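Dropping the structures in below, format is structure tokens.
The following pair of complexes shares a single chain, chain A, combined with chain B in the former and chain C in the latter.
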Partner chain A sequence: MVGHAVSDFVFATAQYESGDWDSAPLVPANIIDTIARYTSIDVAPSGIIVPLASPSLFRYPLVYLTGHLPVRFGPGESANLKRYAERGGMLFVDDHNHDVDGTFHRTCTEELTRLYGAPKPLPKTHALYSSFFKFDDGPPTTSHELNGWGDNLVHKTLSGVERDGRLVLLYSSKDYSSEWNYHPENKRFLSVDNTKFAVNIVVYALTR
Partner chain B sequence: MTALTRLLQLRRSLVVTLATRAVLIGLAVALGILAAGRSVGVPWSGSIGALAGAIAATIFLARLRSAKSLSNVALWVEERTPTLRYALVTVADGVESPILNHQALSVPWWTDARSAQLKSLVAPTLAALVTAALAIWAPVIAARVSSSARPPSATSGSGPVTDVLASIHVAVTPPNYAGVAPTAFDDPTSIESLVGSAITLSGKGDAKLLTASADSTARSVAPRGDGWSLSLTMPTRPAIIRLHSAAGRDRLIVLAPIADAAPAVTLLMPARDTIVRRAAGSIRLHAQLRDDIGLRDATFELVITSGGGENFTFRTGSVGRVRINNALEATLDARLSLDSLRLEPGDILQLRAVARDGNTVNGPGLGASETRALRVARADEYDSVSVEALPPPEEEQQVLSQRMLINLTEALVKKQRSLTRSVLVAESQRIAADQKKLRKRVGDVVFQRLGAEPLSEEGADTPEVGKLTPERVLALADSATGNAGGNVMDVEGDETPILAINKPLLEAFNAMWDAGRALEVGEPAKALPPMRIALAAIQKARMAERIYLRGKPGTQIVDLSKVRLSGKDKGLSSIREARLVVDPVLRRRNATFERVTAILARDPDAAADSLLLMRVEALGDAPALATALDEAARALRKRDAAAIPLAWTRVRRALGGAPVQRAGVSAWLGMP
Partner chain C sequence: MPSRADARRSAEWVLRGALIAALAWALWLSIRRAESSPHPRRATPATLAEELQYALTTNDSVSIDFSIDATPTRADRDLLVALRRAGIPVSWSGSQPPLAMQLVREREPAAGAILRIAGDGAAAVAIVDSAGPLDSVVAQRGATLAMGTLVGAVRAKSGDFYSRTRVPDAATRRPVLVLGRAGWETKFVMTALTESGWNVRSRIPTAPNVFVHDDGLLPLDTARYDAVIALDSTAADMTEAIARFVQQGGGLVLTTNSVDALKSLAPGNAGDRRPGRILLAEDTVTSRDLPIRPVASLRTDAIALERQSAGVALAARRAGLGRVLAVGYDESWRWRMLGGSSGLAAHRAWWSRAVGSVVAERLEDARPAGDEAAPRAALFSALGPPRASGPIEAPSPVRIGLSIFLLLTITIALLAETASRRFRGAK
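What follows is the complex of A and B.
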């Protein structure tokens, strides 16, 4: 937090004790670039890594969690995550494996279900898909899905847990962590910016 | 009829009248006591009334002794008819004389005597009737009097109260697995016990006069002896029991379940995550287990992760399983042979201790320790201290394309029987062209890494590079850097590090050459094996480079001023809404509490009921608030004027959380 103005939105990546939490190191910079590119949100120029068991978790309205390996939250992490949702935070979890019923998916959803209840599929009409850019077909498909990488499946929906009409957990099996894990400078080579959906996630987390 | 005969008739009727009067008086006394007893709820009032009535009747029956004497009867008549001038008394004494007889019958005294007898029965009869009516209607009258004396309940309206809810006895039997003794108590506002406990509520009065519901689900009230009983099982979530009497009175009781906590498990050994060069020997596993009720069994769970990048495989298992005989505390020990796990470089062993309790109601509860990881280092990362964050490697893009080309070729093979030769060749050559482009990009990657110029441009007329050997690649790189004599880089052993990494790419490059030639001549089936070899080789190269290291990745700083609002697309900013700061649950609870406060003075019973309803909701996530609400409801029920303000303050504190200290001087101090 040092060096960031209080009003800045700081993109936070969750550090948890099990698993490879740092498997997508370029995603934060890419999302920060996208936020600046399309919105006037006061965003900090670099992201932050926040341990899930740390009280500093509550400084960040949106926390991004990813990885490939089995996820087991410790007691401190579990208690903090539960309280985080109660206090209005939003946890964005992306399965970096984009497989069906893989170990990350199984262990992570098991842990999250224990904390928040079972995630449910989000309809295409969910406010998340129109919070900034309009995604009429639901979550954008990743190139990995289109090219048959991994499970050869296009995951049609994201899932989540809502409290009082707002998402406290957004769970993705689409592997945005691979899709967005490139240096923002390379965005100029893309005909269509594939990170625009990240703006929707951030704007949703900040305004709902 | 002689005077003596009439006097004898009068004596008989007087005896009957006196006996009847005594019985009526006794009945009135008995019914009066019964009515009084029922109206104030005195037990045994019926028996007491009967005894008192019998005593009263006996006292009055004693007067019959005076009726035995005929002279006394005659005197009783002479008192009412003085004109007889003792003629009748003289006749009663046995004097026989026609003159006396005539004188005694000169006035019709027997008429007055009959009316006097009847009048003496009127008052006792009326008393008996009135007291009988009181005995029948006393509870209803008492309830009306009571309800008019207290404010109406918000939940029940203004109906009268019956004694079925006057006193409620509660017996709680915890589930068998808990091994806890049953408890009993009276008139609770809430019942706290383990989930699955058998709860029996009982009270006095007719069961038909009472209905019950738990969270809007009707429950049957059964008669038991001279009272009623209601049997329930403690649910997993807080609930409220609503007892409703026929007289219109409601009684709310909160069911506050105590959840059987999951076992607390602490993994003591291994104490921290570890990286080893070689997974050999054995390690000691040690964990400490605790539970609030009793432990059933425990084990160490293992997950072994092999692979890297996007391809991981997992093995799971468990060691050291033990059964624990309902002890509150235990330790779990095991020794894990790493040799038996056959861990390879790059593999990760994750382990944790897991314990289950003996909960047979909604369990077993599962507790797990923190997870420890033991990683076997790869040989190529012994000297590695950091991984520089880079754009995705080029070979990842190639592997995607190669996979697409394989899919296209497989589809072509499937339908080739239905195609003419010329169409087949054309389709195959189209794939070959894509394969050629891909092969060139792979070649570029290899050459650029070696410092050489990329291969010729696509479609250029320069001669195409065929299969490459590592030596030829080195020679090309050597010539590109101007070195002569083959000392382009330090070489240790048989293979350079660069070659080690790029060898799979060279293999892919060569396999693509074979695949391209087969596709060019219209033989897609023959092209598939080398295409698959190329895909596997690219995968291998990608895996060789992509290493995940635990630790802080390099900080990426985005030049915000450069990219600010440079995006071509515009979003929809108008639909955004301001975010509410306060926790919505807390906000709703505060609003409810304000409404309760508003009706506190007007209707304390309704306020107490509302507090109990709030308590049911708060039990799950705000135990401190739930306790404060229970205290406030109790104080209200008891009308404890001293306790109510204190309880109210506690509720407000529990709702508001800890006071917030703000920096600086507040505006209300009058500062400019």
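What follows is the complex of A and C.
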């Protein structure tokens, strides 16, 4: 059905058959809160979970996908994701691990490369970093990249695949899924809101 | 009683008189013939060059009768006009069928052309371009064909006769300005227009006093933009500028969600919103399944272009020098995303056509088709109506007999007069 007609934006989380798609359950509410807090975008108050193999995927032109575990897309998921990009959908994938060459990263990028071609690093001047807030140094670093475990991993860029000058895939190894996975009310304890970059992603998807 | 010698002298004077009269008659006939009936030469498209050579080098007075068994080339026609202007009578005959065509480029950047063709025969007319056959049509009552990519000249052929024209060059379109809030409708209207070749600029409010917009967006005038697309009430602060733009000849596509902001220009008011069809899992969306907020209370100068069960889905009117199109469909992006295998292309084409229907015509769009597009009319214009049917006038036997009679009269009179003078010893 033509649902959610009253809202311009519904935050959708991708459900896929392999892996742990629901590893960051508080991210949607947090991002919805951020969108409502900073923008005039008509955002639905609750998010939705959409199976990648379902035709419903096409009702949500921006979909967030995350997880820790290996990812393998089934035939229905692969076909839908290909068509989704052709039609103008944008898939935002965040590696819930923040390590280098982890299982999620390896398998997911293999799958995405098979569908869209290899993701390429996005320059700091990319429109994504100025679509709402200004991020002159590129993607904001997450505390999970600097977690004191000695791995000292800072991923300097995000990567993506563009078609006709717009992103159809935004891939992050920065573990925003951990960074944003808290109850929105706890933002008041932060000196700087660390979810601002989510606004840029949503505004970019809605205006490009 | 006159002597025999006197009678002989009198007869000599009679012969001299007859000789002079016959010479005068022959001279008069020769002048008259030169003036009234030059020697006719038949020419066909195949022999025209040869006849032209003859007509320009002979001392005889000639005329050209051009017999048409195929469409004459423009060069042939120009040659005949030049001959006529040089004083050589030119007529034409034959059955050049009425066949005319016009190619008009659609006002969309990536669109093809519309072919309009008219004829009076029941036979099929073949449409070909420089790359080969395209279609065939019976043009007895006229026909209109949407043409895709065309290469070089386009011909409509009926037997050996043809009409020919070229597609006008695509006019360079100015940008279109999209005004809408940050949402999927704005995004996908922009995407559809960009994919269709339009140069799209936009202004999208994302927070109070915060806009995502292209640089140098204003002023809004016809020197900078071809059309404005107002998708919702965010156009309200530009109402005056948009009204001025449309009055000056700019195009405006507005949705019924933006009607309240642009009431002075809209073809009607916005009706009540009707939700889209409830879809099952595998259903696909077409424009008829979309939510609709119909155009209600149409103005007297507006026309409904498309109706759905809920009411008028598309309506248009002229405002000043510009055109306004009101769109009742809502959330058309669902057509693109959920429209099955054809949804993407259909949504893109629909929006491109909607914008193309309001942009002003440019000189390039209206380039004349050329005189080969209507060869019969061009022939009439150049050479007048065809010669009435029947054989070309040839020298009659009476005229030939008269010439022989005059020659004999002159010869006999001359010989008799000379002989008479000699026999009587005079010089």
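Here is the rule we go by: the second predicted complex is superposed on the first by the 198 of 208 C-alpha atoms of A that agree within 3 Å, B and C clash if a C-alpha of one lies under 4 Å from a C-alpha of the other, contacts with A are read in each partner's own complex, and residues count from 1 in each chain.
To be clear about the criterion, a contact is a pair of C-beta atoms (placed from the backbone, for glycine too) under 8 Å apart; a residue touches a chain by one contact, two chains touch by 3 or more.
All of these numbers come straight from a predicted model, not from anything done at the bench.
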{"item": "Clash-or-fit label for the pair chain B, chain C on chain A", "value": "clash"}
{"item": "First (chain B), second (chain C), both or neither touched by A:Asp8", "value": "second"}
{"item": "First, second, both or neither for A:Pro55, with chain B first and chain C second", "value": "second"}
{"item": "Chain A: partner with more touched residues, chain B or chain C", "value": "B"}
{"item": "Which superposed partner A:Ile41 touches (first chain B, second chain C, both, neither)", "value": "second"}
{"item": "Contacts of A:Phe135 with chain B and chain C, given as first, second, both or neither", "value": "neither"}
{"item": "Partner chain in contact with A:Arg87 - chain B first, chain C second, else both or neither", "value": "both"}
{"item": "Interface residues of chain A shared between complexes with chain B and chain C", "value": "38-40, 86-88, 131-132, 164, 203, 206-208"}
{"item": "Touch list for chain A against partner chain C, complex", "value": "1-2, 5, 8-9, 38-42, 54-56, 58-59, 61, 86-89, 131-132, 164, 166, 203, 205-208"}
{"item": "List of chain C residues in touch with chain A within their complex", "value": "181-188, 191, 194-195, 202, 204-208, 210, 212, 275-279, 281-282, 289-291, 330-331, 333-334, 336-338, 343-344"}
{"item": "Of chain B, residues touching chain A in the complex", "value": "303, 305, 310, 312, 314, 348, 350, 352, 368, 370-371, 373, 389-392, 400-401, 403-404, 407, 548-560, 563-567, 569-573, 575-579, 583-585, 621"}
{"item": "Touching residues on chain A, where the partner in the complex is chain B", "value": "17-18, 20, 22-23, 25-26, 28-29, 32-34, 36-40, 43, 45-47, 49, 68-70, 72, 74-75, 86-88, 96-97, 102-103, 130-134, 143-144, 147-150, 163-164, 178, 181-186, 193, 196, 199, 203, 206-208"}
